[in-house]
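Would you mind keeping the following structure in view while I ask a few things?
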Amino acid sequence: MSGRKPVEYRDAPPAVRAVFDDIKATRQVEDVNNFWKHLANDPLTLKRTWESVKEIMAPGALDVRTKEMVYLAISVSNGCEYCTASHGAAARKAGMTDAMFGELMAVVGMANETNRLANGYRVPVDEAFNR
Amino acid sequence: MSGRKPVEYRDAPPAVRAVFDDIKATRQVEDVNNFWKHLANDPLTLKRTWESVKEIMAPGALDVRTKEMVYLAISVSNGCEYCTASHGAAARKAGMTDAMFGELMAVVGMANETNRLANGYRVPVDEAFNR
Amino acid sequence: MSGRKPVEYRDAPPAVRAVFDDIKATRQVEDVNNFWKHLANDPLTLKRTWESVKEIMAPGALDVRTKEMVYLAISVSNGCEYCTASHGAAARKAGMTDAMFGELMAVVGMANETNRLANGYRVPVDEAFNR
Amino acid sequence: MSGRKPVEYRDAPPAVRAVFDDIKATRQVEDVNNFWKHLANDPLTLKRTWESVKEIMAPGALDVRTKEMVYLAISVSNGCEYCTASHGAAARKAGMTDAMFGELMAVVGMANETNRLANGYRVPVDEAFNR
Amino acid sequence: MSGRKPVEYRDAPPAVRAVFDDIKATRQVEDVNNFWKHLANDPLTLKRTWESVKEIMAPGALDVRTKEMVYLAISVSNGCEYCTASHGAAARKAGMTDAMFGELMAVVGMANETNRLANGYRVPVDEAFNR
Amino acid sequence: MSGRKPVEYRDAPPAVRAVFDDIKATRQVEDVNNFWKHLANDPLTLKRTWESVKEIMAPGALDVRTKEMVYLAISVSNGCEYCTASHGAAARKAGMTDAMFGELMAVVGMANETNRLANGYRVPVDEAFNR
């Protein structure tokens, strides 16, 4: 199925190369991850996705490590293996230690548990939380 | 349906009161949230859930604010309205500002988007992420 | 939005009435639930869904109570409020006690927690489980 | 674990063969996919599932290509790799081009993103949408 | 909780008004939906989300009606009530008839069913789908 | 990435060995599953998770076979391959037959389908279910 074959830099049209170049410069890496190579089958989505990720993941009110840990948490919760692997690596690179990873997984697991307990008992939202 | 009626302190058996007392003392609040009042229909689950939450949400390698923001992120991603409301309030109490909330939601949204792009393009995990 | 208005028996075309009659006879109830009244906007889906539910939920290797509890468990896990309410009532009717409900919710919560721990730690399937 | 072994045509009981024959005739293929071979471990579920799929996926108010693209979209969103692969192939066969696939994935990703933004900001449904 | 209050046009800063104006002009509506009013609490996310939605939902290889139906399908599958209501309305406006809605829901339901059957039977991807 | 390497008994610190010993004694097995070996990277989470699982999965108002089937049902619904494999094996060990497995999967599939139909038609909860 087309769309499944990664697009390598050497074969990429200029619009794709421009995005790859910006990813490499921004992240200071020698090559882009498989995610971007596959997304390059749709240059418009590649560009929009990268620009959104770049803007969202830049340090702001939240630091990069926190953002990457949240990204990892969501990916784990959704069962996305690719994103669990890639954002796990990114979070480590941004300073997540083994201890932080362990606590992060504990929170992700617990939240998934109590989300269902709240659903199952059909708990009404406390008035105090709606103010 | 039984199990849907909250258990108030005045009607609670000693085992439930003990948990309610510990929640109130630990969080320095006057009453427990609806979640705990409903869970009190099953005293064993009430006790185990509270003890797990207390252990997991204590400050450690991650601070309380980060943990509450991750809890909120998962609840939003799962569409659990009760937990979105209660952990939104808890994260605010722990110091989450409007700017942090905005960035948190942006990361949650983006992660949910790229999780599906990775699924759809069936992107294989980069070897570098499996080391 | 059309599709949102329930179809009442008195206004229903013969094909819908036939399904409503079978639901009422099979379940020995005086009226069908809102679910069926809304689905009746698409008589083909109404018929197919009812026939599938009727076949699947009949007693077999698993008894009706177990089946209704599993249906409830999935609905809670997916956060479907309508199905949590309707299959909660159905499970009660089929004999689910308060104690069973409490244990069911505990299992649903725990499974959701360990599902994410397994995802997060990227645990490989034990060879013994693939035989 | 039994239930994991595919049932091949030559070993299948008559009830299973009848379904396999109908799938092959309807789709004009020489063999059925792994999905049906595994489902054949439960002949009743095989028959009911095939008959439902056959009815639902037939051309109607929506053409086959649109239906297969929606099927693919849901499978991607749920992270079901098997169904992503099989309905990706089916959608291609029904005429989905590379450009359509790219746009489809973009919509799936965006919907998953804004679903969470709506959850996180707890946006109330506009009155106009409830009419 | 701040972030929950909608931002009305009259109170909006220029950056938000510019986005609201573009939404109103593009969609030819007199006011924006609640979604945008809530998102306006974070002007950067408002702008990025609108620009992405505008680009993705424009007619291309897929027409607007198909795109809105896919958006609706995902929202229903995820259980996002706000998006189910808003994109249900948008799909109707783009030409989705009652019959199309019924068939769309049937496909969404069936895909969610067979996704789980494929998971449960642990069906391996057919080699033909990996080419 | 640390956290991905399993901890074997011979290399485990006393706190981990104590949990492994209890798992082996309780389940009367010679070695623990990969899940526990990976979780052992975080001894606190290992201990808490095991103690919770042990308490929840003990026979009570529900027998062990029913509990394991519910655990399997949730894991299948969430698309967690590891837990589908491990709890599939556990359910078999606790007496789940092929016929029970087939019916269980049928219920899981159907619940996932009707959950979405209820969402899509936005069916309001019947008053009778709120009493």
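Each chain carries a letter (A, B, C, D, E and F) given by its place in the written order, and its residues are counted from 1.
Definition applied: contacts are C-beta pairs under 8 Å (C-beta built on N, C-alpha and C of every residue); 3 or more make two chains touch, one makes a residue touch a chain.
As the structure is a computational prediction, the values presented were derived from the model and not from experiment.
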- Task: Could you name all chains that are in contact with chain C and with chain D at the same time?
- Result: A, B, E, F
- Message: On a CA-centroid basis, which chain has its centre farthest from chain F's?
- Response: E
- Message: Using the stated contact rule, I'd like to know whether D-E or C-E comes out ahead in C-beta pair count.
- Response: D-E
- Message: How many angstrom lie between the centres of chain A and chain D, each centre taken as the mean Cα position?
- Response: 27
- Message: Could you work out how far the Cα centre of chain A sits from that of chain C, in whole Å?
- Response: 34
- Query: On chain E, where are the residues touching two or more other chains?
  - Reply: 1, 3, 41, 44-45, 48-49, 52, 56, 77-81, 85, 88-89, 102-106, 108-110, 112-115, 117, 119, 121-122, 129
- Message: Under the definition above, what is the set of chain B residues touching chain D in their complex?
- Response: 76-77, 79, 81, 84-85, 104-105, 108-110, 112-117, 119-122
- Sites on chain A touched by chain F in the complex: 79, 88-89, 92, 98, 101-103, 105-106, 109
- Tell me, which parts of chain D touch chain C in their complex? 1, 44, 48, 52, 55-56, 129, 131
- Message: Under the definition above, what is the set of chain D residues touching chain E in their complex?
- Response: 3-4, 33-35, 38-39, 41, 45, 49, 52-53, 56-57, 60-62, 66-67, 69-71, 73-75, 77-78, 80-83, 85-89, 97, 99-100, 102-104, 106-108, 110-115, 117-119, 121-126, 128-130
- Note on the structure: Given the complex, residues on chain A that touch chain D span 1-3, 41-42, 44-45, 48-49, 78-80
